[in-house]
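Encoded as structure tokens, here's the structure I'll be asking about.
Chain lettering (A, B and C) follows the sequence in which the chains are written, and residue indices restart at 1 in each chain.
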Amino acid sequence: MKQMSDVLFLDKRFGFFLYLVVEAIMFATLFATYIIFTPAERGAHPSEVFEWKTVALTSIFLLSSSGTLLMAEKGLKNWSRKWIWVGLVTTFLLGAIFMGLEIHEFYKYAHEGYTLSMNNFLGAFYVLVGLHASHVAFGLGWMINLMIQFTKDMPRALFIEKHKIFNYYWHFVDVVWVLIVTIVYLPYLF
Amino acid sequence: MRLPIIGYVLSDVIVSWIITLIIGGFLLWWLTAKRKWPLILDYIGTTDNRKIGTMYILFAILFFIRGGMDAMFIRTQLAVPDNDFWVFQADKYNEVFTTHGTVMIFFVAMPLLIGLMNIAVPLQLGANDLAFPYLNAISFWLFVSGAFIFNMAFFFNAAPNAGWTAYAPLSNDTFTSGPNNNYYIFGLQISGLGTIFTAINMIVTIARLRAPGMKLSRMPLFPWATLVTSSLILVAFPVLTVALLLLMFDRFYGTSFFGGEFGSPVYWQHLFWIFGHPEVYILVLPAFGIFSDIISTFSRKRIYGYTSMVISITLIGLLGFMVWAHHMFTVGLGALANSVFAITTMLIAVPTGIKVFNWLFTMRKGVVRMTTPMLFALGFIPTFVIGGVTGVMLAVAAADYQYHDSYFVVAHFHYTMIGGTILGAFAGIYYWYPKMTGKMLNEKLGKWHFWLFIIGFHLTFLPQHFAGLNGMPRRVFTYTWEDGVFLFNFVSTIGAYLMGISMLFVLWNLFKTHRSGTSSVDGDPWDGRTLEWTTDSPAPEHPFPNVPVVDRLDAYWYAKVNQTNLPQTKDVRPDPISIRTFQPILLAGVLMVMSIGFIYHWMWLQILGGGSVLAFFLIRSWTDERNEAYRKGEKS
Amino acid sequence: MKKTGWILTLFLLSGCSLRVLDPASPYADKITRLIYLSFGIMMLVFVVVMILFVHFLKKFHETSDRVDEIPVDESGNRKLEITWTVLPVLLLVILAVPTVTTTYQLTSGASQGEGGQDKERVIIHVKAEQFRWEFTYEGGEVSYDKLVLPLDKEVELRLTSEDVIHSFWAPNLAGKIDVFPDKETRLVFTANKLGDFQGKCAEFCGSHHALMRFETTVMEASAYETWLQDQ
């Protein structure tokens, strides 16, 4: 009989990949919505709203967090507690900074009068980027939970499983961000 | 009667309060008197696929009664011209047809099929459970939660009223400002999430838990249909989720995606039908699978043209995504778009036709046994063919300018949905009832049910084609003598009552079967062909201690014909872990609380409910059943 | 068979007077022909299926002497399966060609005239609102819930909505065209029969959707002019 944890992990991984397909389609629909309504006929034009500095800064932090997560992955492979800690903590910090910048960005836009009811470009922008941001926030909570679980006595196979599933999630969220940058921001920055 | 929050209440709501209280009180008394509570707690805490499947079907029947009562009100109001039946005119009527449609699609047809999938698919594959038993319980309770939210609306005098398609801008807060359509959004959102999880569960189960030797090319057609359906769900439902999300933003937070100054009402229609058209194939493909198994079993022949059957289900699934705009021929998309979608729609007739002929030729040279499930399967063929050919007629874009949104369309989709999905679900319930309960439903009453239902059905919906051709639009609460549709409507109403009466035979049958304690049946009462019939009836929680080894399609049947036993093996992959847990029902509860917070714009309740929902992720993570199982694995 | 009997009686009783099949314009007439064509082809399919269905049931249902019979195993038949793939495709091609041509004829008629206006065309602006139809004629004359059209003259309706989506439907004269708040849709047809015809809103639009009706009267061109002047 095969090792239970190996087989169940493969089940779970496949199931989670299917779930990511679902997420991908949701984001795709929101991207379509954004493309259809942007730029809007009235109200703010994207080029007057977006700033390349914010986009660059947020991207640097979020994308590098995918890189630091690789350290944790390496730790999982060789079961090095040190690497797992380093990977998780740096990823969390980078993600948290991204989150802070994102909240700041939204706050600033709203402050300048660019609210989501101004026109459909902004409506679509806030729903799409907001959904992504809530994914990042959820991921941050997830990481805290992982770190606590890491300090507790948990079967190694189970921790690895939980960690790996999280990794897929985080990389997925990063890929969505790359798409957001190329589809939402870039066409209107230069 | 005027009440706070609830508003001005008409007599229908008051009557339903009273009836619900009486029935609810009686039920509580009965459950206590009969000491049924331990049984109920056992079902609530279960992750077993058979029990969850049974609960899906029970709840579906409950909502079927609700949707059916809506149908009766509709037909009574439309029985004669210029009618004033009770309160069912104007707004009330609009609520009734909206809930009728939504309930029947999302809370009757879907759970009936998902219930049958839960019961039959793992057994047919030789699997001991679905891949994720805990997730399965979550799916089920999400469905219950969504369904309760949606059905609650009526009792709080706020039934949704923009049609099951909720076309914007009518569904925006500008034109329907009450909480009514908020119920619609949250009911569908939450049950939809449950459906998505079920689809994931089914795909992983089918991909990874098949019995040794069961290649995909040896898999029975019901799991095949389930596989294709689940893939469709995976792609179609997220689109609905986003559409509802955007609609919610329109209604709650002042965006105007679908209405207002700069919104696009047609965009809602695109999103809705990109979901909605695959949805009708999601509903009908599992029924095709059920019929394939049943027709093959009761003809004592293997299914004719197995490979082309599989290819056609897949093709129907694929084409299902390329036809959505045929619901929008009259919005002015232009001649090119209309022509393209007309042709793709017509193409669907080809794989469907292949299936019909293969079913017919499965019976040829067979021994056709007229059991109740087979009768439903046989009733399905002509009925669905009528629905199919009117479908092709509707695909003729120019002609659809006339049919569109008329009773012709109403007749058409009832022919496909009832003729396909509902007949399929009935067939499946009669067929797998022994696997669910260990008892057989009474055949005589089953046949009464079939004949009354099918005759009532054709009486109801055949005349509606002609009402439509005579200019009767759908969703109207009245018509005049001059319209010349009285006769059609009157016959239709008679038929609807006949269908209603036929359902009493189902209830009587259920009552009789369980009351008289008819002797339990053995594992294989129908002389079946697939693996579910190798297990006991009812199927135990761990049906395959030794997993059968399969070397061809219908291996069990050929083993019986050759008077051998199927070889078995113990050397299989580890089973998914089933547990007892009350987390899913609690999650359903807090989701309901959160939704009510949103529906009535009570911020504190939103935060309370939302926070609790998030807490459930933590609870789940810390009570993971794998913890113990893996620990044992590491020690050994 | 019971069902086919029903179809026939109902059809004979009412076939000729059903509004959709009783066209009063070349536009509606084209659709009527298309409906008959598609109905014919589809009936052919239905009859073939029913003949096989009844025949197989009669011949192969279980009889007392066949209770234990195990039929010969057969997995399929390539030739037969190709037959019932190819034949439906042929039938669909027969149907698809007139479908596309008619769709182009009827739909392109609606989007023409974007630029230069056709002098021969009578242009009527239609405004739909919950739950009323407002018709504005070329000279600024207005009528409510009553549309008057000249005989044998091409009419172009330009439709907009004040609130939600409605749909303009006068089954004897033309197919439906939806009416939107955010864009203008068009419908072009020529009435060629005198008389009064029913019109209805065909897109669910709220409480009194069922009562949102209008009457269309087709009159001689001269009577039409007089009627306009009386408004």
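Methods note: contacts are C-beta pairs under 8 Å (C-beta built on N, C-alpha and C of every residue); 3 or more make two chains touch, one makes a residue touch a chain.
Every value quoted in this text rests on a predicted model; they were computed, and no experiment measured them.
Peer 1: Does the chain-touch network form a line, ring, star, complete graph or other?
Peer 2: Looks like a simple chain-to-chain line, open at both ends.
Peer 1: Name the chain pair with more contacting C-beta pairs, choosing from B-C and A-B.
Peer 2: B-C
Peer 1: So what's the Cα centroid distance for subunit A and subunit C, whole Å?
Peer 2: Taking the average C-alpha coordinate of subunit A and of subunit C, the gap between them is 50 Å.
Peer 1: Please compute the C-alpha centroid of subunit B, do the same for subunit C, then give the distance between them in whole Å.
Peer 2: So the centroids are 31 Å from each other.
Peer 1: Taking each chain's centre as the mean position of its Cα atoms, how many Å separate subunit A from subunit B?
Peer 2: 34
Peer 1: Give me the residues of subunit B that touch two or more other chains.
Peer 2: In subunit B, 263-264 touch at least two other chains.
Peer 1: Going through subunit A residue by residue, note those that touch at least 2 other chains and give them in order.
Peer 2: Subunit A, residues with two or more chain partners: not present.
Peer 1: How about subunit B: which of its residues touch subunit A in the complex?
Peer 2: 131-132, 135, 196, 199-201, 203-204, 207-208, 234-235, 237-239, 241-243, 245-246, 249, 253-257, 261-264, 267, 271, 571-574, 576-577, 614, 617-618, 621-622, 624, 626-627, 629-631, 633-634
Peer 1: Which part of subunit C faces subunit B closely enough to touch in the complex?
Peer 2: Going by the criterion above, the answer is residues 2-3, 6-7, 10-11, 14, 17-21, 28, 30-31, 34-35, 38-39, 42-43, 45-46, 49-50, 52-53, 56-57, 60-62, 66, 69-77, 80-81, 84-85, 88-89, 92, 95-96, 99-100, 102-108, 110-111, 130, 163-165, 167, 169, 171, 174-178, 180-183, 185-186, 198, 200-211.
Peer 1: Residue numbers of subunit B touching subunit C in their complex, please.
Peer 2: Against subunit C, the touching part of subunit B is residues 90-91, 93-94, 162-163, 167, 169-170, 175-176, 259, 263-266, 299-302, 304-308, 330-332, 334-335, 338-339, 342-343, 346-347, 349-350, 353-354, 356-358, 360-361, 363-370, 378, 381-382, 385-386, 389-390, 392-393, 395-406, 455, 458, 462-463, 466, 468-471, 473-479, 482-484, 487-488, 561.
Peer 1: If we count contacts the way the header does, which residues on subunit A are in touch with subunit B in the complex?
Peer 2: 1-5, 7-8, 10-12, 14-15, 18-19, 21-23, 25-26, 29-30, 33, 36-37, 40-42, 115-117, 119-120, 123-124, 127, 141, 145, 149, 154-158, 161-162
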